[in-house]
Amino acid sequence: MAHLSADNISVAFAGLKALSSVTLDIRPGQISGLIGPNGAGKTTLVNVLTGFQMPTEGSVNLDGKPLTNLKPHQVRRLGIARTFQGGRLFRDLAVIDNLEVTGVGLGMSRRAAVAEAEAMLDWIGISALGGRAAGTLPYTDERRVAIGRALMGRPAFILLDEPAAGMSAQEATDLSSLVKRIARDLGCGVLIIEHNVGLVLGLCDHIVVLDSGAVIEEGTPTEIRQSEKVRHAYMGTAADTALPVAEVLL
Amino acid sequence: MSLLVLANIEVRYGRLTAVRGVSLSIKDGDTVFITGPNGAGKSSLLRAIAGVTPASNGTIDFDGYNITGKAPEDIARLGFSMVPEGRDVFGSLTIEENLMVGTGMKAKDRGWKAKRAEDLEAVYQTFPILKERRHGQAGLLSGGQQQMLVIGRALMTNPRLIAIDEPSLGLAPNITDQVYERLIALQSLRALTLLIVEQSSTRANLVGGRMLLMRGGQIVLDGDARELGNSAAVQAAYFGYEDH
Amino acid sequence: MTDASLSTLPPALANPRKPARFALARRTIITPILLSLLILAVAIVTVMTGSRPFNQAMIDIMVRVVLVVGLYIFIGNSGVLSFGHIGFTCLGAYAAAWLTINPLMKKTSLPGLPSFLLEARLPYWQSAIIAALFAGLAALIFGKVLMRLSGIAASIATFAVLAMINTIYSNWESVTGATSSVVGIPIVRVIWPYVGAAIVAIFIAWGHAISRSGLALRAARDEPTAAAASGVDIPKERLIAFAISGVIMGLGGAATAHSIGVVTPDTFYLGLTFITLAMLVVGGMSSLSGAVIGVLLLSALIQALRWLEAGVPLGSTTFALPKGLQEIALGVIMIVILALRPAGLIGNREITLFRVNRNK
Amino acid sequence: MLQIVFDSLSLGSLYALGALGIALIFGVMRLVNFAHGDVIAFSIFALLWPSTDAMAIVFAGQLPWYLLIPFVLLVGAGLSVLCEIVVFRRFRRANPATMMIASFALGFVIRYFLLMLFTSRPKSISLLPMLSQPVEIFGARLPLLQLITIIATVIILIGLTLFLRRTRFGLEMRAAAENFSMARMLGIRANRVIMGAFALSGALAGAIAMIFGSQTGTVDIQMGASIMLMAFIATVIGGLGSLAGAVLAGFLLGAASVIMQVVLPVDARPFRDAFVYGAVILVLLFRPQGLIAARGTKERV
Amino acid sequence: DDDKIVVGFATGASGFMEAYDKPAQDAAMIRIKEINAAGGLLGKQIEVVSADTKSDRAEGAKAGLSVIDEGADLVVVSCDYDFGAPAALAAEDAGLVSFFLCAESVKAGIQGVGKHSFSASVLAAVQGATMSEWAFKEKKAKNFYRLLDTWTEYNKGICDGFDWMMPKLEAQGAKLVGQDTFKNDDASIAAQITRIKSLPKEPDAIMLCTMMPGAVSAIKQIRAAGINSMILNGSGVDGSYWLSAVPDLSNFYTPVQGSIYGDDPNPDVQKFNATYKKETGTDPSSQYVYPGYSMIDVWAKAVTRAKTTEADAVVAELEKMKDEPTLFGPRTFTAELHHQNSARYLIVDIEKGKPSVIGSWTISEPVPMNALVK
């Protein structure tokens, strides 16, 4: 069974240790959460997993085979997709073409790529946006298009970097159910970075907490919620107020 | 006394009208939250006040001056500080340089250097990570760190009114708490007026103050944040928003 | 890629309905057809006037169309400004010269040519094809090295290529005749071959634009990071466009050579680089229609200004612009157009029958 | 040997000064200012009366040096600021290619304006003739002018760097350069700041014009073009946005050119530039971000 | 039509070439006026049509076609070979005689354009050969240094002539002590100068094969470096307009076809200079005005002798000319060469910034074809 793992990853930027010996597993159909304070190294870890950042130490493995020296596009072709903290849509292209690009990048014909892109927009529930230029979309829609783009070619893994940032409670709820469907219906292994604790707790099977580049806690949502360490390092009042949302989802 | 008065503001992007006829008056020292669903026109409204996307219609008064159609720098110099959505850090400058950029307009005042150093220390206290990285390049900060930086930078200009578009964007929950604590402290310290856009009303419920709910480019609700709470009216406003 | 047994894949996703074959081609082919018709119309008017200088002027325009469309293929789709493409035009022009000049003349003027070239004397259309391929090959080789670069570094590197080609061709006495004009190239003064070359260039550019490679390249133009994360091999897609545009630039070079009958290295240097780039940008850098219309409009403008400068009879007096004002006016008009329409006259749209369409 | 060093430095300092002027504007506006070369030409033509005769009619060229130099610098600065106000201001939001073509068109306008006034024929002018005397230092003989050029370049570089790093104007300029509209939201009078940058760049163009004019004794409407090209290349291989990089690369280009001239056999010397440009490509391949990568050129994902 | 003869000028009336084409064309007009005043050519008046090449090659072809369409019997093209060739080729195509106003490359003629094409000036190689032989013979220069600006064919042509002459002089004791190249627009030639300075002894003469504007820059830098060798040049540096740039320039020699300095040994040249001034308002700025005059002169003679303007007949008459006298020295055309491979040159010497004719020189034998076409 497919299995993406980061083994003992360390990354240093000119003296700054962004990650130290982080190990992480992602499995198909599972939703893993990655949380932690600002600057903990979450985005950096995703960058390492997708070939945008060379680790100083450690390796990334897909089914036991190392990916560490591959370029981003090669990693993507192996079925590891991601979104970005900023939207990074192809602003001048139509929404449908944004998705098509990934299809084409993965080696589909344009015909096949269009077909899949249409189906994908439909599946996400944003077919109406297909013809819009991506540059004019409001924030939330941008996020959903980005997810749709990452799902093209139905990758085995998808890594989402703060997909719910700036969303209202309602929109976050919608997003949660989309992520669940991705894991369940597409069998994707999902890694989600979020500061919306309620959403993460309600959604994930497994959560990893980073702080200053190191894993400080790991476990099920319940375990994480009860962890004093996590509460101290990360959660503020949000941990309490956000709970109702999580409950709704569960 | 009203610090900011908007009369019938309209913002257009080509054929699309993002803000339609918003009138509003904000008192000195107020805390005002603007919430509302995606695409409601919240950011557009702020940008119009700041003079970056000039309003196509209506008038804006700030501190007794008519600032309609004025250049952003002139508006900023009157004491209106804006933190736009998305992180507009000056990536190639150091963190400390970023914080200093907006402090030049006070250079005429007496003792401004001491005041500036004080402000800087205060920002560093709120966000210790910024101090730690003060000579580092701002563009390399993580998303949340950049958000701290832009909020700190706006505070450094010592504004009368600070308008923040989604302050919690990308911030860890405990940092968000700190940001609010700091803002509220400043407010009691020197009557800072707050104009905050937040997607969700949760924070407004917690902090209190006035809450406006925007939808479709208009203000559809205006009331006390705690009173409105999760009231049916707010729910209606959100759910009245047909998603797609 | 996914373990199908694990998931209950929604049927629409498992087996999406493909659009009809060539749907995209059929939807967009109207653009190159309209552009070609436009060019044909110009040519027909030219032939009807029967004026030789006018015919020559229109031949020039056709050559420019080829060159600017060649530029568009790379610059328009990749967003990387290239200052080097006219170098490939130079290669094409000299290759055409080598292949078509009377061997007797070549033996005295270009004695350093390899014997198969010394002996060669091909009809112009064959030489044009070989010249185009030769330039394309050179683009492929240079591109292989350069396409790793992006942004302004890539622009400068392409400029360095141009400067190298120019320096070598300006000094390699026995093969290129150095800075002196190489003459003896058969002059083709009929407009049709040039029209043909322009139309071929337009269709190749269109074919590339709707190809997978064209789409991927346009995506990478906006957001290289996201494109890489979408599986796009950016250097490779750039290289494809670079090589194809190299071919077209080479074709344009051959056309230039046959249109005036002489080639010199400095014809293919900064002046031509800038005027072609200007035509592309003024027309609309990221649109094929922009490329073609940019050439036609700017050329028409230049022609009109020249005509004004030469003097136009206005009733009993002649109205003439002072000498030199033509260039100044041209510069001013370009600035005004760009200030009003920073994305160029056409923007990033394409003309179609029904309405102006957003670029695919 | 020492002679070669001085030869390299004196050629390099011209490129370096040019590169500074270009880097300054590029830093502020992402504008590759192709009109810079024409500002250089204009500054020196301002010393002549417009006339289409072959003989130059000197106008301000006979001023004493302490008036002459400020005059030329002012002309450069003034024209440059004028270009900003009349043309470049309208292109704040345009993409770099559009701006570049606009600058090229503007350069074209300036060039043909000069051509209309002065014809295309190069004109001669004797500027600061006292600087043509050779001087001897450390056993190397070089014209006084070259020595002054080298020293002036170094001083200008240091002064400019300090100015941009240490003063508020510098900070505001760099901020405006990076994000124009955000800078304005922070109360920066961005238009003035940018005008300041253009003035500096124009004054640098004036300085080059002075030096070049005194060195060659010729004024020619094309004279700025080749320096401008080399300067542009220097700006890029130096590391965009890095003034020190631009200067370093300017000197290196000068050195490369001089050294190739010295070491190449006579038959290969005409191909000198091909070698120089080959070296440029190599540098770019190994350091695409430039010799001295400016901060902020690395974009993080 | 038959009541007039048309001369078409496809020359640069604007842009870079204008500075060179216009004066020569003005001189040609003077000759045309004279002919018309004297009753015309074959009894017909000469009419002039012109088209601007905009100093651009592609425009040049158009300009050529345009004057041909207007019925030109003679097509006069740009001074420079590279810029004139497209129009000349158009004329050749149409079977018309073409004349380059002052091109000095052998290709401006049979070897480049074709058998109906001529140049009004003298080959650049003759200038290099003249100067070196003259310097050796008259100035007793022994050690020569060769400095070539690779920018144009014209520059190379001067040095080709020098290269052809040098072995002959070496047989008599001269010596080539070094050589170097530069490019016209090089911002500095410091490295080249260093090479000269590192010679054990300053050379007696530097053969400087270059043209404006780089020439002034090179001369100035050479003198600024303290090198006082005699500098030998081609005609391209003739004119006093640039002398202010190198104050007190001395030991500087240029070959010219006629003197613009008022000291030409031939009084008719002085008369021409006066006419030129009357017609154009300015004195001739360099010797390059003169070929324009000689050109119309020889062509008109050929037409008169052929009694037609028909190209082949006129060419045949031109090719019969041997030492045909003109105001600016004799002219010879043959079936092999439509250009002067030998000429009487006046030598202009500049001392303390003052130019004056100090003698004349004709090379001992014409430059042979194999030195011209390499």
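Worth pointing out:
Letters are used for the chains, namely A, B, C, D and E, taken in the order the chains are written, and counting of residues starts over at 1 for each.
Quick note on the criterion: contacts are C-beta pairs under 8 Å (C-beta built on N, C-alpha and C of every residue); 3 or more make two chains touch, one makes a residue touch a chain.
On a predicted model such as this, the values are computed, not experimentally measured, just so you know.
Fewest steps needed to get from subunit A to subunit E, stepping only to touching chains, is 2. Note on connectivity: the fewest chain-to-chain touch steps from subunit A to subunit B number 1. With centres defined as mean CA coordinates, subunit C is found 42 Å away from subunit A.
Centroids built from CA atoms put subunit D at 48 Å from subunit A. Here the CA centre of subunit C is 31 Å from the CA centre of subunit D.
Residue positions 170-171, 225, 323-324 of subunit C are each in touch with at least two other chains. Contact of a single residue of subunit B with at least two other chains is seen at positions 140. Multi-chain contact residues of subunit D (touching two or more other chains): 115, 225, 270, 273, 299, 301.
Chain contact topology: the protein chains form a pattern that is neither a line, a ring, a star nor a complete graph. Under the contact rule stated at the top, the pairs of chains that touch are A-B, A-C, A-D, B-D, C-D, C-E, D-E.
Those residues of subunit B whose C-beta lies close enough to touch subunit D in the complex are 50, 52, 71-73, 76-77, 81-82, 84, 88, 90-94, 97, 100-102, 104-105, 107, 137, 139-140, 153-154, 157. On the subunit A side of its complex with subunit C, the touching residues are 1-2, 28-29, 50, 52, 71-73, 76-77, 79, 81-82, 84, 88-94, 97-98, 100-102, 104-116, 118-120, 122-123, 133, 149-150, 152-156, 184-188. For subunit D in complex with subunit B, the touching residues are 168, 171-172, 174-175, 178-179, 181-190, 241, 294-300. Residue ranges of subunit A in contact with subunit D, taken from their complex: 43, 47, 52-53, 84.
Partner subunit C is touched in their complex by these residues of subunit E: 13-14, 51-52, 54, 57-58, 60-63, 65-66, 68-69, 81-82, 85-86, 89-90, 93, 105, 107, 111-113, 150-153, 156, 373-374.
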